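Each of the two complexes below includes subunit A, the first together with subunit B, the second together with subunit C.
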Partner chain A sequence: MQPVLNVNDLATYFFVGHKQKTILKAVDGISYQLNQGEILGLVGESGCGKSVSALSLLRLVQKPGKVVRGRVSLNGTNLLGLPEKQMVHIRGKEISMIFQDPMSSLNPTIRSGIQIVEAMTWHHYVGYAEAQQRALDLMASVGIPDPGQRFSHYPFQFSGGMRQRIMIAMAIACNPRVLIADEPTTALDVTVQMQVLDLLCQLNEKYGTAILLITHDFGVVTEICTKVAVMYAGKIVEKGSIEQFWNNPSHPYGKNLLNSTPRLGERHKALTAIPGAPPSLRNLPSGCVFHRRCSFAMEKCHRIYPPTFEIEAGHVCACWLYEKDSIRGEYE
Partner chain B sequence: MKTKQGFWYQALVNLSHNKLGFICGAFCIVLIVVGIFAPWLTPYPYNEPHYYPHAYADPSWEFIMGTDDLGRDLFSRLLYSLHNAIIISIGATLLSVTVGGTLGALAGYVGGTLDFILMRITDIMFAFPSFLFSIVLVTSLGRGIPVMLLAVGVTSWVGMARLMRAQVLVVKNLEYVDMARVLGASHWRIITRYIIPNSLGPLIVSITFSIPGAMMVESGLSYLGMGVQPPIPSWGTLIAEGATAIRYYQHLFIFPAASFALVLLAFTYFGDALQDALAGKKQS
Partner chain C sequence: MRNTLLEVKHLAKYFKSKHSIIRAVEGISFSIQKAETLGLVGESGSGKSTVAKLILRLMAITSGSISYDGREISTMSQKAFRPFRRRMQMIPQDPFSSLNPQMTIGASIREPLKIHDLGTSSEQEKKVQEIMEQIGIEPEALLSFPDQFSGGQLQRIGIARALILRPEFVICDEPVSALDVSIQAQILNLLKELQKEFQLTYLFIAHNLAVVERISDRVAVMYLGHFMESADVNTIYNHPAHPYTRALLRSVPQMAVGQKNERFILSGDIPSPSNPPQGCVFNTRCPEKMDVCFHKAPAWIEINKDQFVACHLVK
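Let's look at the complex of A and B:
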């Protein structure tokens, strides 16, 4: 089956400083596939390029950032080559996105129901009257009680969780194939987090929407994701299905991440922290970007960035440790 | 829970808690209505002389504010001054809001080279002594009401442009604008539905301050004899004429000066109150 979204060697650099000569490689050659009905968790520390990679898909990286290479195909069309006029109708209609902070992501001057309606009319998805009806249905389906009355309320009259639901309703109004959720639960209470995750799962099951879930919360990942990709300093260091990653974390960074996350049912085990801090993008280490914090680092790691090695079917890892026993290595 | 009521309703509620501001606001509205319909409200035409025995008449039931040297009714002339002041100040404000608001919004939204060029133009305008500029315009283009309107408006758009640009710069980086962009809104929709409505608050406050400002410039010009062509009355000319007669006919000075002060105070207090009321909206 052809993946809905195929990201291949996507790279977004920021050109800053004097005469834009300093290059910050925020996203540096990441690849992943997203099939219909899948939920891919993109995990990583703050500042490792998760959000920038999502905005790159939509071609919304602001200056001084620029997508320098790669291919993003949505059902076979390369989005990076489309004219802006067509791109406007990809955003929201084919690929949609929800943000982290529900408190500031809705326009305070437009009634919330109308905001959902507008998300549809922008793309001539349905007529205005029909859009109104659909907005009411959407509000009901994302779990807003009494949509008829709430339709004409302004965002400030809603609580955070309810605003998140409205945002989700806006994002899914045109039935997009891909939904990017950029830390959708970070700003919410734990109970509301659960409800929002449930909602995302329902969407995924009901409409087959593929979801790219950006998060740094492993609890969220294990809850709903089918696949995981771990990002570190602009690169994907490990990806695989959630079971593969959970049972057999391979990249030292992935292992460390899991060891620093509490698991239910495992008592008496101290959580470990990863020593050091993520490298500054201004001053990336040579070779493997992780080698300074890695306890397995070899001489080779200081010099050459490892290619990706396939450990099991569908489980790949960019680390020299697996050079010998990998099933297949892709040399760059 | 309140339903169907937005920010402007809330601002109105906030405003009504401020008694002075609310009264001043009501007074301003009365002034504007009276000013616009002044030609139909005056008891006498502004230029109708009632010579002897009515020249320099004291206030009486016949002429409630007395008459001037030609026996013209001062009250009628004051209403006409209000008429001119309102037309010129509101017209000039509209002009400066349209020009300044558009240029500022454009500079803020587009950014880059366009922003640089537009802002340097406003800097040049800002550095120019604006009152002098108005005088130059009036002396070279004549003293009609449209010219006055232009002379006052052309100098005041600069502040509006800067304000609007600053507002747009703030709003355009807010998350809900990103949200609109992500959901596929075009630039036009982002500007008209997202950026402009959310940048208007300070602009409206600035408008209420700009109206008395424009009145000041207009009467300042006419005080110096650069205002609208006499015999069309203007507050500046009335005050200037009253000042020459102040030792003998105090009413000729007191009524224009006091009413002018009252009008300016009302607009300024209203602007203040409106600013507070709109700022309160952000706390909810």
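Let's look at the complex of A and C:
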């Protein structure tokens, strides 16, 4: 089966400073596939390039940032090669995005129902009258009570959780094949977070929508994702199915991140902190980007960035520790 | 008899405007013993931070009483309160916006000593260096400015500022919620070490239940200005009596792969405090609501030793 979304060696750099000579490698050669019906969790700490990688897929990276190489195929079409005129018909229709902060992403001066309608009429998905009816249905299906009345309310009249639902209704209005959700529940309370996660899950089950879920919370990942990719300093350091990662987290960073997440009922278990802080993009370490914080760092790690080694079928990890045990190493 | 440091009784805070009264805190009572941590949890808008501000007298209370180390502090004059202020400090949620961007880190950490006029200039300098070492900030940071630091480092600086006066009581208002998990673990471990070393008493406000479980001895659950339940940490997490406590706990993602229980969803949002529901404030969302919940507010009763609950389900 051909994946719906195939990202191959995507790299986005920012050119800043005097004469744009400083290059910040925000995303540096990441690859992943997303099949229909899958939910991929892209996990990492702030500043590791998760959001920039998502914006790169939609070609929304603005200057001084630039996608410098790679391929993003959506059903076989390379999005990075399309002229902008065609791209606007794909964005929001074939692939759409739920942003982190719904208050600043919704237009405060337009009634929320109209904003959902706009998504459909712009793409000529349906006619206006039908779009209006569909917007009401969508609002009901994402769990907004009394959509008939709420249709004409402005964003400020909704609570945070309700605004996030409006965003979701907008994003799924044209039945996209791929939905990117950038930290959709980070600003929400746990009770409301569970409501929104459940909603994403229902969408995925009902329409087979493939979801790329960006988050820093492993709780969210284990709740709904089927696959996981761990990002650190612009690179994917480990990826696999959620079961593979859970049972056998392999990259020292992925492992540490998992162990530093507090869980309920583990009051007396020590919380492992990762020493130091994520590196600045201005001053990336040589070799493996994680070696300064890694307790397994070897001499080699200081010099050469490791290729990805396959630990088991579909579970890969970019770490020299697995050089010998791997089924096969792909040298890049 | 245990050593009670802080005792709050029937505390209330209303914000009055022309058209409405917002009942931010409505008649809550609790006490904190010396060297223990009380975790305060609840959804945003439940009034947690208002409680912190009332205790520190950053806001005037509407009614009730707050006694600290046996003295009533809520009615005392500003001048009389001053020595108490030194003994109670706060670690802010967002360390960046609570530091002056134009002041060096050294000057920011030293400022509390200047305000309270403690020691000579060289003594103050020595104290700053001492605390920086304890908290884990490099000495080179002294002359740097806040924008040169990462979130985790800034939170350490926030902690240093709070602890330089050697307080007994520290209010931590969501101290780790803005941080990445790897850094969050560092700060939580640091707070625990500091508590042991200096016999600190914490009021720890957070919405992450797993974090609260790790650091607290007792936990109070707040909803729309009211306390729903309070008990020691094991009771709250293993035998919660209030439907809201149960709902909060079941809403935390399970962090398990494979066999999963059915997802629990507490529907609806927290109502507006300017127009709270009649009867029990949780009746709009409660999965176990009864007729009585709509016209009578439940009393705050002790059902087991040290376990208080406000719910009609428990008798």
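Everything that follows uses one rule, which is that the second predicted complex is superposed on the first by the 327 of 332 C-alpha atoms of A that agree within 3 Å, B and C clash if a C-alpha of one lies under 4 Å from a C-alpha of the other, contacts with A are read in each partner's own complex, and residues count from 1 in each chain.
In this section, contacts are C-beta pairs under 8 Å (C-beta built on N, C-alpha and C of every residue); 3 or more make two chains touch, one makes a residue touch a chain.
Everything numeric in this text was worked out from a predicted model, so none of it was measured.
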{"item": "When subunit B and subunit C are modelled together on subunit A, clash or fit", "value": "fit"}
{"item": "First (subunit B), second (subunit C), both or neither touched by A:S104", "value": "first"}
{"item": "First, second, both or neither for A:V190, with subunit B first and subunit C second", "value": "second"}
{"item": "Subunit B versus subunit C as contact partner of A:Y322, first or second or both or neither", "value": "neither"}
{"item": "Subunit B, subunit C and vertex subunit A (Cα centres) - angle in steps of 10°", "value": "80"}
{"item": "Of subunit C and subunit B, partner touching more subunit A residues", "value": "C"}
{"item": "Touching partner for A:R91 - first (subunit B), second (subunit C), both, neither", "value": "first"}
{"item": "Subunit B versus subunit C as contact partner of A:Y32, first or second or both or neither", "value": "neither"}
{"item": "Which superposed partner A:A119 touches (first subunit B, second subunit C, both, neither)", "value": "first"}
{"item": "Partner chain(s) touched by A:M167 [first = subunit B, second = subunit C, both, neither]", "value": "first"}
{"item": "Contacts of A:Y13 with subunit B and subunit C, given as first, second, both or neither", "value": "neither"}
{"item": "Nearest Cα pair across subunit B and subunit C, whole Å", "value": "11"}
{"item": "On subunit A, positions contacted by subunit B and by subunit C", "value": "none"}
{"item": "Residues of subunit A defined as touching subunit C within the complex", "value": "45-46, 143, 159-162, 189-195, 197-198, 201, 216-220, 222-223, 242-243, 246-247, 256-257, 260-267, 271-275, 277-278"}
{"item": "Of subunit B, residues touching subunit A in the complex", "value": "1-4, 6-7, 174-176, 178-186, 189, 193-194, 197-198, 284"}
{"item": "Residues of subunit A that touch subunit B when the two form their complex", "value": "58, 60, 88-93, 96-97, 99, 101, 104-111, 118-119, 122-123, 149, 152-154, 156-157, 167, 170-171"}
{"item": "Complex contacts: residues of subunit C adjacent to subunit A", "value": "43-44, 150-153, 180-186, 188-189, 207-211, 213-214, 233, 237, 247-249, 251-258, 263-267, 269-270"}
